[in-house]
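Read through the structures below before going on.
Two complexes follow with chain A in common, the first pairing it with chain B and the second with chain C.
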Partner chain A sequence: MTAYILRRLVAIVLTLLALSVVVFVVIQLPPGDFVTSYIARISGSGESIDQATIDALRAQYRLDDPVIVQYWAWLKGMLVGDFGFSFEMKRPVSEIFASRIGNSLAVEMLAVIVMWSVAIPIGIYSAVYQYSIGDYFATIIGFLGLALPNFLFALVLMYISYVWFGVTITGLYSPEYMNAHWSLAKFLDFCSHVWAPVLVISTAGSAQLIRVLRANLLDELNKPYVLTARAKGLKKSKVILRYPARVAMNPLISVVGWVLPTVISSSFVTAIVLNLPTLSPILLRALLSQDMYLAGALILFMGFLTMMGTLISDILLAWVDPRIRLGMAGAN
Partner chain B sequence: MASPDIHEPAMSSQVEGASDYIPVGTESQWQLIRRRFRRHRLAVASLWVIALFLLVAIFAEFLSTNDPHDVQARYTYAPPQRLHFIDVQEDSGWRIQPHVFGYKVEVEPEALRRVFKIDEEKKIYVRFFVEGHDYNLFGLIPMNRHLIGTENPRDPLFLLGSDRLGRDVLSRLIYGTRISLSVGVIGVILSLVLGVVIGGLAGFYGGFFDAATQRTIEFLRSLPSIPLWMGLAAAMPPSWSALQVYFAITIILSLLGWTELARVVRGRFLALKGEDYVSAAIYDGASNLRVVLRHMVPAFTSHIITAASLAVPGMILAETALSFLGLGLQAPVISWGVLLQEAQNVRVLATAPWLLAPGAAIVIAVLAMNFVGDGLRDAADPYNNT
Partner chain C sequence: MPGKDNQTVLQVTGLSVDFHLGKATVHAIEDVSFDLRTGRTTCFVGESGSGKSVTARAVMNIVEPAVIREGTITLFDLEEGEELNIAALDADGPKIRAVRGARIAMIFQEPMSSLSPVHTIGQQIIEAIMLHQQVDKKEARKRAIDALAAVHIRDPESAVDRYPFEYSGGMRQRAMIAMALACEPDVLIADEPTTALDVTTQAEILKLIRELQDRFGMAVMFITHDMGVVAEVADDVIVMYKGKVVEHGQVVQVFHNPQASYTRQLINASLGLEEAPARPVHGQREKPLISARNVSLNFPPQRSWLGSKGSGVLALDDVSFDLYPGEILGIVGESGSGKTTLGRVLMGRYQPQTGTAHFSDRDGNSRDLTSRDSFRDKQVYREIRMIFQDPNSSLNPRMTVEQIIGEPLTVAGLAKGKDLRERVAKLLSRVGLSPGMMERYPHAFSGGQRQRIGIARAIALDPRVVIADEATSALDGSIRAQILDLLLELRDELDLSIIFIAHDIGVVRYFCDRVAVMNSGKIVETGTAHQICDNPQNDYTRKLIAAVPRPDPLKRKLMPPVAAE
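Right after this comes the complex of A and B.
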């Protein structure tokens, strides 16, 4: 087990390194170097910037050194928690992170939990009662969940709650709790806001999970061991939950690998539409204003979150499935 | 599957002209696929829906009722007009004559803003094949006829309402169909080229190249795609023209979209490499290219088509999301995502819910494409009876 986790850790470090190269390329892509365009923007807005600051900036980002050196300086900064400075917001990137990361994680984790707890019972139900009304209903909802883009779902939800109930569902907290310390009242306020983004983010994911689980379980249900267990007089619900459901669940855990990127992508769009105080609106602003160091740090960070989630899912899978734990069958 | 010794008796009885002979027809692979596909009713119906979307995209100029860029400041946020067909005259009974009702302006007392209401006093007759704004059909033939339009070009015709600047939502939706669908199709064609070449090489040669490709695909699939897409899209120089942005966005989408297609192609190559007929061709001295093109590709074309058709809706959704966030296509280019940017504000939506119409188009198109893809997936392997 330890060897397996170590192997996965090495893989993740390598992946993160690869991602950091991609992100650095993205940072470098806009024409002209970053400080030059920053100066152009500053002088465009009428402010002035003195030569000492410019030199300090150029030195900090090693802009006069070769690209490799620049990359290395940037990467070293990331490793020690120095994510750079956001020129647009005039604050260190790490400070912006700290104020928002909790909200991001809360929304995404809630979405993942809701996704699984909705998808598993529905998936089992629609496999066991294949072609029942409930199954058709789940299939239709599933297809809609796949076809409805997150931002559109969020817009429709906003529209409905505004027109029918007179409530705006944007944000995560009411203004009076925005900067308050955590209390029961703030928690309740949070709960009254968080359902909307969680609903939007989890819908598309659950639709896919239900389809995977249903297909797997249908395969398992027709196997002889299920028939044997039934013939020996075990109750139907007990048979299904004890044997085929457990086997069908394995692939479901392995899909965490792609569910998490999807969740982070969709929480991204949703957070922007619903104006949540998470990292996503910051990334959008950074990208629109070409504040590329902030944007790069955020993209890298989102990649890191995904990797960590994938690692957790890998460990879970190894724990559930001895074939993987013992390194026999490998993946698939 | 039919071996010669099964065919033999039938053949000989045919020669003898025996009366109990039942002719056995054979169907080609594609005939089998078509037959299997037809069994999936929803997929067949969806195929018609997609055909309709394509027709709209091709004949966008002819079908649009207004110039999509035409700003009519006199009619901002005008609600949709219903098309009536039966015209009741006060003196001479009724006749079939399509018409819509005009607008009257009311001022909301508390908000002090102008609101357009349908005015049943003003009748605006609608005619077929009327002359309207000029365009080039297929980009070549200069024309100015449109399917429907008002008798008097100065009368308003907003069948799906108008937006902030008084532009016709229906016409913009029709033009957006062309851009959004083409981004999906061109993006998938680019991904297909990348996927087939890379996946094909990986599957055919195996070894180090295969391992490297596999790692790259795993890497790309483990990333949250939208933030990365946005990073690439944001790096585009703002000075680029609309056409350059259009192609850049398509390329960005396919750069991350080829992985699934490559995976399918590689898997098929690996599976086919062990088939006897492929080994036979290799031992016969056929060149690699001939083995691939003549013997392997025909066996999995249907799988590629399936994977590609399932990839189109994903592309369309990605383009829409990017444009909606302001990082994809930019106005004055019209795509479904660009149109939905108008609907970002909930207060605007409350006064003009018809701005969500492009959203309905997205959902219908994506649903239909998913159904067709599902039907194709079931039909792609017609020899496997399940």
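Right after this comes the complex of A and C.
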């Protein structure tokens, strides 16, 4: 097992290297760079900028060096923990990360926990009482959750809470707590805000999980081992939880793999609509303004999270399912 | 336990079970009555769908989504003298749960899927013990190990912590039996417990059940469709047909003086296989169609992340045989003997390391089937076709019968449109199905019909050789005989040569001209079917033949003879 994990970790490092090249090239692909898009924005607002400033900016950000030199400088920086400097926000990338990653993780993890705790019982119910009224109800709600775009749901939620309850639910903190240190009051304030994005993000996710779990469990429920367990004298509900539900859980565990990268990517639109201080809106802004070090670092980080997520779910699967665990060891 | 023998422990009277499908009601079984007595084995025979399994499940009151409409199932407690009507209990209530596993236990056909894949054997047995006996975990584990030892599993101390997929088929069925008998039940229900096993393993399991029955004195309700097994193990026989009991009697009487015509039909079908006359040898003097010489195939060791393990598996070890035109060559052996691998080599699926297999194609060219190049122009695939074991999974459920049978024709560019439909219609009627069924999907057909579809697909390209890999193993007795007869007809009509891969040596005498017996990748004996069946030379062949149950209770091979009544 240790050897396996080590091998996977090496693979992750190599993949990240390859990814960094791709990321860098892709970011360079659109015509122009940060300074040209900066000039465009300045002149768009009616002001002008003189050539000396432009040259100074270009020199400062070393935009006129060959691409290879720029890439090498970037890579070298990253190896020692320097992720570069955001032109747009005038702060080091690592600082931006640090200020927002906690929020991102909190929102996404909460969403995953909600997803699971909603999806598992409903999925099991739907499968065991297939075609019952409850199953139809869960199916309809599930499909609504899947079909409703996240941003629309977020907008509707904002509208309702403002018009009916007079509460604004954007952001994660009220203005007075924005820069305050953590305290009970700030935590309560956070709780009063975080439910909205968590609700929006987890609705679609749990709908999907319910469908997956239901389909899997339906397959497992007819397996002979379920009958064996009942023939032992176990109670039906216990049989279902202990045997088929356990086997049907595998796809839910693999979900962990794609949950991690969503820390940045999935809640894009939701985060923008709800104005969340998380990483996703930053990525969009960085890409639009060709803020290449910030965008590069974010995309690379997403790649890293994807691979770590896959590794973690593989390890979890092996831990839960002996067929996978012993298969990995080459035992048959 | 002689004192406990021959007392009625379970009495079923007038049992009827219904399935409600929408507004329609299907009577799964109707008015079934029987007794189970301690120390005796009652066999339930009949084709699939005859209601045997439903009866067994009704005895445990696990029939959902069906319902027990009427009838009583009385379980007698012989020590306390109490009675319990199982049919009247709540299907998930504490009373019936106290019976299941403790007083009535059950084993099933599929030893792989009947055990949870994610729990160890030990966990599953311990669970059963702790449900019904007031013992702590340590004691339960000890009893589980004892139970595994009782079913002769080697090294039970370590076997207890293994997962079902680490066991072989026969071992799994032993573990199932250990689990069922861990609480020493009065009644053991065995639902086709040996159908999925090799003959030799079947013989071991049958002996084991008998041995444990002698030891614990339980009543056994044994469900099977194999008349040979019935003749070996039964004391009493109940023949079921379409949900009803058509015959009920002691085994010798049922076999030698059957009352119902359906019983006679079942017995004749099995005797037909057993007592087939020798037949003229086919085409031996001609040039062989396939001539394999010294074929050896070594599967490389599995590569894992720890590096490679072991030296691989020698799946085929110096195999040589000839297949003559118009001949049916049986290849028999236990699972793992390499017979399926051999079939796959001939289809170009694997390339052996050494040896040759020359196939002379229609144009008279010789092609070496061990080389990938021979398959490049698809000519071989037109002339050698396959029929598979599982008629359920070898047909694409999303394709209509027309598409399934027509596919080889389309792929070969031989027919399309109206022409294709006509050819498919012809093929369907050739295999005994109505051309009107063309639009249907595989799920609308029974197992036997699906196998006919598979045969139609195989003969669509007018092949010269058909490789039938366990083509009849998944089928019931009478349907199996029909499929074999169909293949025999097709052989004569289309001048086919058939390689018939089977673990069931019982059908070989009826169906094959010559037989090659395989063991651990080697062909240990070759000869005419009759010579192999009646006068085997090799020890392994003898062992194999001896394990085949004969459909006559007076000529038992495995069990003690029937006691005189």
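We take it that the second predicted complex is superposed on the first by the 276 of 332 C-alpha atoms of A that agree within 3 Å, B and C clash if a C-alpha of one lies under 4 Å from a C-alpha of the other, contacts with A are read in each partner's own complex, and residues count from 1 in each chain.
The rule we apply is simple: a residue touches a chain if its C-beta (ideal position, glycine included) is under 8 Å from a C-beta of that chain, and two chains touch if they have at least 3 such contacts.
Computed from a prediction, not measured in an experiment: that's the story for all the values here.
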**Study point:** Room on chain A for both chain B and chain C (clash or fit)
**Key:** clash
Practice item. Check whether A:288 is in contact with chain B, with chain C, with both or with neither, and answer first, second, both or neither. Key: first
Practice item. Once the structures are superposed on A, label A:94 by its partner contacts, choosing first (chain B), second (chain C), both or neither. Key: neither
Practice item. Would you check which partner chain A:228 touches, where first means chain B only, second means chain C only, and both and neither mean what they say? Key: second
Check your understanding: Between chain B (first) and chain C (second), which does A:7 come into contact with in this model arrangement: first, second, both, or neither?
Key -> second
Point to revise | First, second, both or neither for A:29, with chain B first and chain C second | key: first
Practice item. Please work out whether A:320 is in contact with chain B alone, chain C alone, both, or neither, and reply first, second, both or neither. Key: second
Review point. Which touches a greater number of chain A residues, chain B or chain C?
Key: B
Review point. After the overlay on chain A, which stretch of chain B ends up in the same space as chain C: 59-67, 77-85, 95-103 or 275-283?
Key: 275-283
Practice item. Give every residue of chain A touching chain C within the complex, in rising order. Key: 3-4, 7, 223-225, 227-236, 243, 246-247, 320-323, 326, 328-332
Revision key, fill the gap. Chain B partner, complex, touching residues on chain A are 15, 18-19, 22-23, 26, 29-31, 143-144, 146-152, 155-156, 158-159, 162-163, 168, 170, 257-258, 260-262, 264-266, 268-269, 272-273, 283-284, 287-288, 290, 292, 295-296, 298-299, 302-303, 306-307, 310
Practice item. Would you mind writing out the residues of chain C in touch with chain A in their complex? Key: 57, 60, 62, 92, 97-102, 105-106, 108-110, 113-120, 124, 127-128, 131-132, 163, 165-166, 176, 179, 302-306, 309
Review point. Across the complex, what residues on chain B touch chain A?
Key: 219, 221-228, 230-235, 237, 313, 317, 320-321, 324-327, 340, 343-344, 346-347, 349-350, 353, 356, 359, 362-363, 366-367, 370-371
